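Comments concern the structure below.
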Amino acid sequence: GDSEGASSETKDTVKVGVLISATGALETYGGMTERGFKLGMEYATDGTMEVAGKKIEYIFEDTETDPTIARQKALKLLEDDEVDFLVGSSSSGDTLAVTPLAEEYEKIMIVEPAAADSITGSEYNDYVFRTARNSSQDAIAAAAAVAGEGVKIATLAPDYSFGHDGAKAFIEAAEELGAELVHEEYADQAATDFTANIQKIIEKKPDYLFVVWSGANTPWNQIVDMRVEEQGIKVTTGVADNATLPSMKPLVGMEGFTLYYHTLPDNEVNDWLVEEHKKQYDGEAPDLFTAGGMSSALAIVEALKQTDGDTDGATLIEAMEGMSFETPKGTMTFRPEDHQALQEMYSVTLEESDEFDYPVPVLKRVLTPEETAPPIMNE
Amino acid sequence: MAAILETKDLSIAFGGHVAVDRVSVQITEKKFTSIIGPNGAGKTTFFNLLSGQLSPTNGSIYFKNHDITKLSTTERTRMGIGRSFQITNVFPKLTVLENVRLAVQSQAKVRYHMLSHYLHYKKFEERAYELLEVVFLKDKAKSIAVNLAHGEKRKLEIAMLLALDTEIMLLDEPTAGMSLEEVPAIIDVINKIKQQGEQTIVLIEHKMDMIMGLSDEVLVLYHGELIAQGSPHEIVENETVQSAYLGGGV
Amino acid sequence: MESLLELKQVEAFIQHYHILHDISFEVPKSEVTVLLGRNGAGKTTTLRTIMGLNQVSKGTVRFKGEEISNRSTHQIAKRGIGYVPEDQGIFNGLTVGENMRVAMKKEDEETTKRMEWVLELFPDLKKFWKKEGGQLSGGQKQMLAISRAYVNRNDLLLIDEPSKGLAPIIVDKVTESIQQMKEQTTIVLVEQNFMMASNIGDHFYIIDDGATVHHGKMEELKEDKITMKKYLGIA
Amino acid sequence: MVPFILTGRSMQFIFIQIFIFAIFAMSYDILLGFTGIISFGHVMFFGIGAYSTAITMSKFDSTIGSFLFGVVIAVILAAFVSFIVGVLTLRLKSHFYAMLTLALAGLFLVAAEKWRTLTGGNDGFTFRLPEIFRDSQSMYMFCLLSLILIFFGLRRFTKSPFGRVLMAIRENENRTESLGYKIVHYKVIASVVAGVVASFAGVLYALSLRFVNTGVFATDLTIDVLLMTIIGGVGTLVGPILGAGLVEFAHHWLSGLADVHWIFERWIILYGTVYILVVIFFPLGIVGTIQSRFSNRPLKGLRDNRKANENKGRRAS
Amino acid sequence: MDLLISLVINGLATGMLIFLLAAGLTLIFGLMSVLNFAHGGLFIWGAYTGVWVFQMSNSFILGIIAAISIGLLLGLVTERLIVRPVYGNHIQQILITLGFMLVLQELIKVVFGPDQKAVFPPDILAGSFIVGDIVLIKYRLFIIAIGILIFVISTIILKKSRIGLIVRAGVMDKEMIQSLGINIKLVFMLVFMVGAGLAGLSGVLHSVYSGVIYAEMGLEFSILAFIVVVIGGMGSFSGSLFAAILVGLAQAFMAYYVPALSLAVNMLLMTIVLIFRPQGLFQVKG
C-alpha cells in the first residue's frame, strides 16, 4: 500500500524480519525456514495476512551464515524497516550475534531453527523465544528412543560445542533412564576417517551407539564398513533433512528419533502444510525445518491475537510466556522460565520405502513435549 | 704499518669441496691489496668469509685485533667492513637514489627512527647525489635500479659501498662489464680513495693492468690456497702464477 | 656475401622508454660480428630484441632470409639461434648437469661429442657436475652459460660479454673456442674486452644511444683512433 | 570521501565494519606491502584482540575501566604472540612462513574451540558494553577516530627511516643486512606492530558485535583481509582502506541484488568475478595502479610488460 | 596388533587420498610455484561430474574418466584465463584464484543444486573383508593401490623425461628457457592441466570414500593439500607422498590414542616439521 500515508501504515502494519541463511553452508536450511514461515503466515491468517485488524508484512534477510552479516541485517531490519518481530536464524552463531539486539530494541525474537542450548541458557534474555528445539531436547529424545535400565551406551560426536552439548545431554538423559555409559568419543568435525574412533567404540561393546552428527562428512559408510552392527552394537541417531536420507542408506533398520518428517505428525496443521507445500512447490514434501518455520509464524500470529495486535515488547512477553499454540508438530508451549517451546519429537525406525530409493523414518512412537523437556539452563 | 685485518688458517668447505684452504694473511692498514686467482679459486668465498656472508669451518678472522669470526654481517659492516658484490646485488625496485640513500642512512646510524619522516634528513639525499655524481650515475638517480644497464648497476654498487664509508672496502670485480671508457674513470675513483689514504682497499679483479697499476700488494689464491703474495711485479714474474692464471696472453 | 642475420632500422621500446632508435646491421655467415658501445648504449637490448625477448616496434629482423620480428622466443631459438645472456641466465636451483640437460635440444651422437668437447674446454664444469648452478663462482657460471650454448648445433650464436669475470687464461680458451666454432656457426658478440674483441672479430658495429652509428672491418678499427675516441672513449 | 556524520544505525554499522577491516587490512599491509611477508595466519591477532575484550567484558562489569583493561590485555598478548611468531618464523622463506602462520592460527582456533569454559566454544557468547559504546553514534565516531589515528600513525611509521629499511628488506634481505641493518630486529618489530594493530581491530570488532565466537580465528578472515589489501594495492596503506570499503560494499550491494532477480541469488559468482576483474584491470590494486599512472614508478612497467607479452602471445598464435 | 594393522591401513588410505589431491598441487604449486587456490574448485568439479556420470551410467570407470576429463578441461580454462597473466606474482595469484574458486564453487550449486549428495561405492568395491580379526575396507585398499599407481607413473615420467627440469627451470628464468627453444607457455599449460586432472580424479575418489559431496568441501581439502606439499618439500613427489602418509597415519593414531589433540594434528605436525626442517622434509632433486 504505497498510496497510504507512512504514519498510518506503520500503525496498522506489523512487520516481521526473518533472518535466514539464504547463501553459504546452511542455505538449504534457510530455504526451509523461508517456505515454512510463508506458509505459516498464510495458514494462520487464512490467507488474509491480517491479524487483529493489522496487516502483517514480512521481510527475509540473508545472514550468509556469518555473525557480522547477521547483526548488520538485523540492524537494518530493526532500524530501517522498523520491524516488530525478528525470526531466525539458521546458525547458532548468527543468532547469538542478534539476540542482544532484540533486548536492546525491546522486540520479540523467535529463534528458529538454531539449536544451541546457550541461546535459551547462559545467553538468555527476556525477549527471546524459541520455537526450535534445542540440542538437549534432541538428545533427550534420542535417549528416550533407546535408553532403558541396564542398557550400555556409547556416543560419537563432533568435537565442538554442538557435539559436546548433544552428547552431554544425551548421556544425562540416558543415565536417568537407567542406562550405563561405556564410552564417549569425539571426532574432528572435518574428519573423513572415523575408523579409529569406531574401533575404540567397538572395543567397549556398548548395546547402543548414539551418533550426533551435523556435517556433510558423515560416518555412516564407515560404521557399516567396520561392521558395527554385526558386533551387536545398534546405531542410533537423529534423522535430519531429506537431503541426508540417501546417505543413511547403510543404516536401514536403525532406531532413532527425528524432529520432523512430513508423514509423522498426525494433526490438522501438518496435513494442511503437506498438502499446501506440495501444491506450491512442485509436489515436494515439506522438510526438516519447514515445520519449524511455520511454527514461528504461528507463534507470532497467536501472540498478536492475544495482545490484540499490541506489539509492545513487555506486553507480548507477558502474553507469550506459557502460551500454547497449534503447530504442524502438535501443540507447542513456551515454557515461562526460559521461553523454550516444549514440543513433540518422534521416535522412529529407518525403513526402506517404496516411493524413494532411499530409506525413510517410520513412526514408532510420538515423544510428548513433557517427555523431552530439557533442563532449565538460564540461571 | 699495522695489519687491520688478519686471518688465521681460514678455511671453509662446501660438502667435501674445500673452497678456502687454511689461508693466513695480514692486510695492512691503508694499503691497497689485490686478490687474483683462477675462476673458482675461492676469492669471492674469501670475501664472503671476511664480510660474514659465510662462516668458516675453521680458522679465525681478526679486525683490529678483535676476533670477529663469530660476528654477523651487520655487525661487521657496522665495525667498518664494507663490500661490493660480484653479481650485482641492489634493491631492484627502488630508485637509484633510494638505493644509495639507504646506505647513507645506515652510515649515519639512523636505523630505528620510526617517528620522523625520512625526507627530514636532507643531508642523506644530498650525500647520495654527491656519490652518484662520483660514479657518473647522477642523471639516472630517479630511475628504478632494475632498469639500469649492466654496467650502470656495477656503478651503483660502488656508490653504495662508498656511501657506507667503511674503513675497509672489499671490491669484488667492480669493473666487470663496464665499458672501455668508464673503466679508467672508475679506476680514477678508486685511485682517489687510495690517494686520500684513509681507507684500506681489497680488490678482486681479473684485469691485470688494473692490478698492476693500483696494488701495493697482491695475493694469489689457487684451489683455495694462498700460493703467492708480494708486490705486483713479483707476482707477474712468478711462474706458477703465469701458468695457472695468466696463460699465454699477457 | 650472404648475410645470415639482418636488422633493418629496428626500433624498440622497453616499457615506455624508447631504447633502440635505429639499429641496422648485417651479419655475414661464418664470421664474427662484434657489437661495441658504451654502457647503456643498447647492445644487450639489441640482442634481446633479436631473440624476441623485446618487441620490435618498427623495422625488421631477418634470419636466413625469413622475417622473425615478433615471433615468440622459443620459435626464434628453434630456428637455430643460441643465446648467452649478459646475466648468464643460469638456473640456480638446477645442478650443472641439469642445466646442460635442459639446454640440449637432442641427445644424439653429435651432441654427445660437443658435450665432450665443452667439458674438455672447461674441466671445472665436469668437476662440479652435481653442484647447483647458484653455488658456482662467477666465472664458473659464465663458463656454464657459454657451454650451454655450445652443446647444440646452432647456426647463429648471440653472446653477450663472455669474457666478463673470467680469468685471463680462460678468456684465452673462450677466444680459442669461438674461433673453432666459427667454422660451423656464425657469431654475434658483444664485448667490452677490446683485446679479445679485436682478436676474434671480423666486423664491428658501434652502437650509440640506441642506433648503429659506425661499422667496418675489425682490423681497420684498430687503426681508426678517431672513431675509437669518439664512440668508445678510448685513445 | 568518508561521510563523517552518518545517521541510521544500520548504515553506521556497515561503516563501522569497514573501519575495522580497514584497520585490520592496514596492519596486514605492514607485513605484506612493506616487509614482503605473506602471512596466512594474521587473523590470530585479530582473534586475540576480540577474545581479550569479550572475555574481560563478560567477566568484569561493563565499564570503560574494564574495556581499557581488555585493550591492554589484547595489546600485551598480541605483542607477545607476534614477537614469538616473528622470532620463530624468521628463518622460514615465503611459502613456508605463510604455511607456518596458517598452522599457528589454526592452533589458536582449536584452543578457542577447546577452552570452552573461557570461550563458550564455537557458538560463542555475548557480553554487555560500557554505557558510551551502546550508542551507535559514539561507537561509530570511536571507530572512525581510531582509523584516522592509526592511519596517520602507520603512515608516519612507513615513511620513517625505519619504514624505508623495511622496504629495503622486502626488496633484498641480504643486501640490507650488508648495509649494516639487523634485519631480524626490523622484521620482528614489523611483526609486532602489525600484530598489535590487528589485535586492536579485533577489539573493535568484538565491541561492534557485542558477541564473539571462534569465527574470529577463522582462516576466512585472513583471506578476506588479504584480498582487501591486494585489491586496494599493497604497500600503499590507503589501498587497504579503499579495499575494505570496496569489498564490503561489493558484498553488500551484490548480495542485495538477490531480491532483484533470482539469478542474483548466486551473487557470489559476481563477487568472485570482481576479484578476477580487479587483477586484470588493476593488477597492482586500485591505489597502486592509479599511483603508477601518475608517477614513473617501476610498477607501471610490470603492467605494460604484461600487456606487451600478451599481445606478443596473441600475434604469435 | 590387530588394532595396529587396522589403524595403519586406514591411516595409509587417508594418506593416499590426501596424496592424490596433493599430487596435482605438487605440480602446480611445488613445481610451477603457482598459489592456485582454485585447486579445490577443480577438486569439487571432478567430484560432482564424476559422481554424476557414475550414477547415470552405473560405471565407476566412466565416472573416473569423466572426473579426469573435466579436470583437464577446467585446467585448460583456468590456466589460459586465470593463471597465465599472473605467473610469478604470488599476490595476484592469491586474489585471482580465490575469485575463481568462489565462481567454481558457486557454479556447482547452479549446475548440481545446493544440497549435499550421497555417494555409494560401486558394488565390487563396497563392503569389507575380514582377515582374522581385522576388518579391511575394500574401497580403502583400492585407494591405496591407485595412490601407488599414480606415484609410480608420475615418478617415472618425471625421472625419464626432461619435463620436470624444464618446468623448474621455467619458473626460475622464463626468458632463458624460451631462449633455449622451449615453448614454456605450452609446457606450463600442459602441466597445469595434468595437475588439474589429478585434482579431478582425487575429487571423485574422495566422494566415494566420504560418502557424500557438497560444494564447500573444495577449499577445506585444498588447504590440507597445501599443508602436505609444504611438509613434503616443494615440488617433490616422494616428499608429498611421504608427508601425505605421515598426515594420514598421524590422524589415525591421534584419533585413537590422543583424541584431545586430534583437531590440531595437522597443524601441529606442520609446525613441528617447519620449525626443525624449514625447507620441508624432502628437498627437490633431479
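Lettered A, B, C, D and E in written order, each chain numbered from 1.
Keep this in mind: a residue touches a chain if its C-beta (ideal position, glycine included) is under 8 Å from a C-beta of that chain, and two chains touch if they have at least 3 such contacts.
Only a predicted model underlies this, so the values are computations on that prediction, with no experimental measurement involved.
Chemist: Please give the intersection of the contact partners of subunit C with those of subunit D.
Modeler: Looking at subunit D and subunit C together, the chains touching each of them are B, E.
Chemist: Indicate the lowest number of steps between subunit A and subunit E, counting one step per move to a touching chain.
Modeler: Minimal hop count between subunit A and subunit E: 1.
Chemist: Would you identify the chain whose Cα-based centre sits farthest away from the centre of subunit D?
Modeler: The chain farthest from subunit D, judged by C-alpha centres, is C.
Chemist: Just grab the chain with the largest centre-to-centre distance to subunit B, centres being mean Cα coordinates.
Modeler: Looking at centroid distances, A is the chain farthest away.
Chemist: Centroid from C-alpha atoms only, then distance subunit B to subunit E, rounded to Å. What do you get?
Modeler: 49
Chemist: Go ahead and note the Å separation of the Cα centroids belonging to subunit A and subunit C.
Modeler: Each chain's C-alpha centroid was found; their separation is 76 Å.
Chemist: Could you grab the centroid distance between subunit D and subunit E? Build each centroid from C-alpha atoms only and quote it in angstrom.
Modeler: The computed centroid separation for subunit D versus subunit E comes out at 30 Å.
Chemist: Pull out every residue in subunit A that's touching 2 or more other chains.
Modeler: Only 159 qualify.
Chemist: Could you check subunit B for residues that touch two or more other chains and list them?
Modeler: As it turns out, subunit B has residues touching two or more other chains at 147.
Chemist: Enumerate the residues of subunit E that touch no fewer than two other chains.
Modeler: Counting only residues that touch two or more other chains, subunit E contributes 263.
Chemist: In the complex formed with subunit B, which residues of subunit D make contact?
Modeler: Touching subunit B: residues 156-157, 159-165, 167-168, 171-172, 174-183, 185, 189, 296-299, 301 of subunit D.
Chemist: Could you list, by residue number, the parts of subunit B that touch subunit C in their complex?
Modeler: 14, 37-41, 43-45, 86-87, 147-152, 155, 173, 176-182, 206, 208, 244-250
Chemist: Mind pulling up the subunit E residues that touch subunit C in the complex?
Modeler: Counting only subunit E, the residues touching subunit C are 162, 165-166, 168-169, 172-173, 175-184, 284, 286.
Chemist: Note which residues of subunit E are touching subunit A in the complex, please.
Modeler: Checking each residue of subunit E against subunit A gives 3, 6-7, 10-11, 13-14, 17, 114-118, 120-121, 127-128, 130, 135, 137, 139, 206, 209-214, 216-217, 220, 248, 251-253, 255-256, 259, 262-263.
Chemist: For the complex, which residues does subunit A have touching subunit D?
Modeler: 22-23, 62, 64, 66-68, 71-72, 75-76, 78-80, 92-93, 96-97, 99-100, 104, 116, 118, 122-123, 159-162, 164
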